[in-house]
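Both of the next two complexes hold chain A, though its partner changes from chain B to chain C.
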Partner chain A sequence: MKLTLKIWRQDGANTKGKMVDYPIDGIEGDMSFLEMLDVLNEELVAKGEEPVEFDHDCREGICGSCSLQINGEPHGPDRLITTCQLHMRSFNDGDTITIEPFRANAFPVIKDLIVDRTAFDRIQQAGGYVSVNTSGNTIDANSIPVNKHNADDSFNAATCIGCGACVAACKNASAMLFTSAKVSQYALLPQGRVEAVDRVQAMVRQMDEEGFGNCSNTGACELECPKGISLENIARMNREYLSANAKG
Partner chain B sequence: MGGLLKSSVAKKFAMALSGLFLVLFLLQHFTINFISVISPDVFNEISHFMGTNFLVQAILQPILIFGVIFHFIMGFVLEIQNRNARSIGYANYKGSANSSWMSRNMIFSGAVILAFLGLHFYDFWFPEIMHKYIESHPEDPTRYYEETIAKFENPIRVGVYVISFVFLMLHLLHGFASSFQSVGFNNKYSKGLQGFTKAFAILIPLGFIFIAVYHYINHL
Partner chain C sequence: MAKFIAAKIPEGPLEKKWQNYKDQAKLVSPNNRKKLEVIVIGTGLSGASAAASLAEMGYQVKSFCFQDSPRRAHSVAAQGGVNAMKNYKNDGDSVQRMFFDTLKGGDFRAREANTYRLAQCSAALIDQAVAQGVPFAREYSGYLSNRSFGGVQVSRTFYARGQTGQQLLLGAYQALLRQQAKGKVKIFNRHEMLELVCENNTAKGIITRNLVSGKIERHAAHAVVIASGGFGKIYYLSTLAMGCNASAIWRAHKKGALMANPSWTQFHPTSLPQSGTYQSKLTLMSESLRNDGRIWVPKNKKDARNPNEIPESDRDYYLERKYPSYGNLAPRDIASRAAKEQIDNGFGVGELKNAVYLDFAKAIKDLGKTTIQKRYGNLFDMYEKITGINAFKEPMKISPSAHFSMGGLWVDYDLQTSIAGLFAIGEANFSDHGANRLGANSLLQACVDGYYILPYTLQNYLATQIDKPKPVTHSQAFVDAEERVKTQLQTYLNTNGTKTPDEYHKELGKMLYDYCGLSRSRKGLTYVIKEIQKLREEFKTNLLVLGDTYQINSELEKAGRVADYFELAELMCLDALNREESCGAHFREEYQSDEGEAVRNDDDYAYTAAWEWTGNASQPELHKEKLVFKNVSLSTRSYK
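Up next, the complex of A and B:
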């Protein structure tokens, strides 16, 4: 397969970047998208050029590291997969593929296609946890009965890998889907209810402070999410937040 | 309230509530307008009541004007904030792959509706205020129907009304359903509710278009 890659190149956080064209040949349909970039980087290194920097880790769709905007969509054209699970058979010989970093002011570019997503970490740290003493006296979580429907919804929310595709897809660069998934996974469980009021207020406050945009319910985040996190979580977070503020 | 409106969730909530309020007003406005097609006398009677009733004029009308201004200002404020959240845009952004045109262009359809409101106020609201409160004409309960249909004699104006209501339809197709999501309503009934909001978003603007075209054709 012969392709033309248009890739965002940027030396560092404070330098100006630009799209650079790279022709590439000999790409197999069974290669993953990241393997295709590996091939490109080997060629660039062989030519004495700087390889393209991109985030990756597990390469099996669970770590949330890979973060590429491919042909205008986060993680590329296929649904419910991350970039590392995208295969080159999704493209055709002769295609031009644009590869950009996830764009949001809250996700500043570090280099080339790598962005700083620690804003998500700070949102999580603001309240995405349950305060329990884990020093040996922990009670088995299964000793507290949990409604099956709530347990399922909580688990589904917890499958969010924090990749940032929701922010990248949203025309407003909103982080509502990520934050709401983290709020929901605790709000739906009895162990999480104890700190629910403080949690939702703190996490929404942190999300706003990070400079993400507002949600306008386009639904792009839900559709592009590799884990299929539902918009129901945003509605739940809105309820939680409004009810928390009503309580004062 | 000011503090609460600083949060993104609260802004969405306020936007949704003002939108739902305006949807209710739209239904009421349509109902009265539609009566002009059925019975000029009843239309005059209701318009006279609306134009002279103290509760409507002194309390509901200011609330409505506040709702309209709030919805527009908040819409523009949110749009500016949202644009500022991504200073460097994508070279390739395929919004159509994951969202509807209506949902991505609410500010555009909203701006067209705002421009239409300017024309609508010029046509009806300002002359009404002038007639009643500045020129202080004696009240004539039979004047409303003739005044209304006179505005639909000009085909260009009717055309502008029709186009504006198409944009209102596009705005409502996303906005009405979206407001329920923003107030936290997303459950097993949401699919049915979405069907209702889509039917409303199409039928009510079509109804307004029908009324304008009906009065225009009646004049030919």
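Up next, the complex of A and C:
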């Protein structure tokens, strides 16, 4: 395939960026999207131009490192996958592909396509855990039976990879889907109930402080989430939040 | 003559050793703990669990990772599960049995006392993970569910669908953040350790590069813990993440830490084959597929027909033929080697003739499509996403891929390396798996090292540091180390040659895969050592890295990693050459039975090979740790 790539280049956090065109040839359908960028980078280096920087690590859709807004969509056109799982057979010869970083005030660009997503770590740190010590001296695991439906729903929420696509998909750059997934995981488990009130308040407070926008229920986040995290989690978090505030 | 080294294994009967150790270990008073600082490199299961636990005890911890968040360490990618001796199934499991399975799986090349301790500490992990809210799979009754995993006869594997590593890691990550919120841990993300700083053969700190600003930084501490994971990425194509590296352990090695059994690498039999030269990694398909899939190749090398058109009579189900009792479920090392043999002999399938078929047609016919869909639906989906092929209609193509490093930094029973104050945990050390790791035992090892063992053994060391002067970053050792790092980075940029780090890495990886991979021979190893030396020399004069050191520069990061790989690769070959026997994943072609099975040599090779850096990558010095087996009798593994 022969393609035209339009890629966001930006030297650093404090410099202005711009879109740059790169024609590329010889792309095969079996290549992953990131392998296509590898090929481009090797070509650029050979020509003495600096390669395009992007985040990636596992390249199998689980670490949440890769990002990229591809033709306007986080993680590209296909559903339920991350950018590293996207393959070039989803594109056609002659296509023009725009590649930009995830856009949000709370995710400042560091360089080229790399953004700073540490705001997510801080939301998590505000309360996204059960406060148990790690000594292993707790009660036997089977003395906390968990209803299988709740266990499954909790697991589904827990599969969030912290990639930030939900934020990038949202016109308000809201982090509700991410935050609610963590709140839900624990709200659904008996182990998590003890701290439920403090957790939801602290995490929502941190989310607001980080400068993420409000949720206006458009559902774009759910659509673009590579792990299929459901909007039900947002509804559950809203209930938890209201009842927490009612309790004071 | 090789020197002998001792592991400092505590006295007493096997089952009492760890308790005896804990009873006698030195303690540090809570008041003194906050004055002691610890550096932990790595935020995978081992590093995050260690950092969180140490901080909880009251130590001041600095935690480092190269990713943008600790949650992305490669432990996140583990799918299958984690072993623990709970005997919830009442199927006869016991600590003794788990200990034996692990030792036998490792072909009797691991330390008895460590392996036993691993089994002993396993149950507590499940209790703790559940208390942390890790959503393990459950039965309708609400109780925990188990599955069985390769090489054992009991069901002791706990799992969280196909994302066990992710869920355990998030548990550890959250424990880590909880301590950061309390001010006990400081996390340094996007930082890479580039040098270990020692004074009087004692670890005093590290030099790191801030991967965003490029700043070279000094960090001093009373002890350093390396938890940097596996280095299977040295083969370039592997199931590891792109950033996985050997640099942390290699730079420690060059400061005096011994490297043990570096050539022992597990190849996973069911990963997806390479489809082109651009390929960057190989995706693992869960081993569970072998429960229902049948592995075969065409009997005729030249058979170019579509697999569905090849009749039964023209297919060779070689695992079923060679191992009638285990068949497609033969252990990893055996299944991988058998596949390679077929491929090497020209029977490989696919465009590059580098794969074998994994066929579900019979299972679909016998059990129905719905059952197979239920069991493996998500895996079939993943396969289709990557290859564009529907495995309900056509057999999958699979091939073996570098997966797990049994070798690593040598550590004693305390998990301390041969440098005082330097500890190594998780996949970065060599400890518990012998010559072949059993599935689902390494998540366990990473957690047990970090949560349960290090808190005792590191404290035992720190107790000796209270009265010592506090390590400071303005000492000569730090000044020199920083200078070395800066010079080295500048050298990569100044070389100004024509080949990128990736090009070198690919070439090196292929050499290792061909000659120091699934099978090794004296002839091949001798040959490839010379080739590695040649390529390493070329790398020094012909490397091309653009840009500068003052900002994100991923090519510069790669250059450093590849430079380390070049030296480690030679050590791996020397290690494989030294061991004139076949054991576990280490298969020396000269040492096989008439039927092609591995032949161990317990008289001469029941030892751990621990190598010392001498300043010359081609002339390391061998130390031996004798393996003493008092509680098991050494048997020959047979899966016929």
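Brief remarks on what is shown
Keep in mind that, in the parts below, the second predicted complex is superposed on the first by the 244 of 248 C-alpha atoms of A that agree within 3 Å, B and C clash if a C-alpha of one lies under 4 Å from a C-alpha of the other, contacts with A are read in each partner's own complex, and residues count from 1 in each chain.
FYI, contacts are C-beta pairs under 8 Å (C-beta built on N, C-alpha and C of every residue); 3 or more make two chains touch, one makes a residue touch a chain.
This structure is a prediction, so every number in the text was calculated from the model and none was measured.
Once chain A of one complex is fitted onto chain A of the other, the partner contacts of A:Asn137 are limited to chain C, with no touch recorded for chain B. By the touch criterion defined above, A:Asp55 reaches chain C but does not reach chain B.
Looking at the shared chain after the overlay, A:Ala173 reaches chain B, while chain C stays out of its contact range. Counting the residues of chain A touched by each of chain B and chain C gives the higher count for C. Residue contacts after overlaying the shared chain place A:Gly213 against chain B, while chain C stays out of touching range. By the touch criterion defined above, A:Gln125 reaches chain C but does not reach chain B.
By the document's definition of touching, of the two partners only chain B reaches A:Glu232; chain C does not. Of the two partner chains placed around the shared chain by superposition, neither chain B nor chain C is touched by A:Asn14. By the document's definition of touching, of the two partners only chain B reaches A:Ala106; chain C does not.
By the touch criterion defined above, A:Arg117 lies against chain C but remains apart from chain B after alignment on the C-alpha atoms of chain A.
Contacts of chain A with chain B, set against its contacts with chain C after fitting on chain A, share not one residue.
Remark: chain A residues 11-12, 28-32, 34-36, 38-39, 42, 45-46, 48-51, 53, 55-60, 62-65, 78, 81, 85, 87, 89, 110-111, 114, 116-118, 120-121, 124-126, 128-142, 144-148, 151, 154-155, 158-159, 161-162, 185-186, 189, 191-192 touch chain C in the complex. Taken together, the chain C residues at the contact with chain A in this complex read 49, 52-53, 56, 67-72, 74, 76-77, 86, 88, 121, 124-133, 135-144, 160-161, 163, 166-167, 170, 173-175, 177-178, 180-181, 187, 189, 212, 241-243, 275-276, 278-281, 283-284, 385-388, 451-452, 500, 502-503, 544, 546-547, 551-552, 554-555. Considering their complex, residues 4, 6-13, 78, 81-82, 84-95, 97-100, 103-104, 106, 174, 178, 181-187 of chain B touch chain A.
Interface residues of chain A, counted against chain B in their complex, comprise 6, 8, 19, 69, 71-73, 77, 98, 100, 103-106, 169, 171-174, 176, 204-205, 207-208, 211-220, 223-224, 231-232, 234-239, 241-242, 245.
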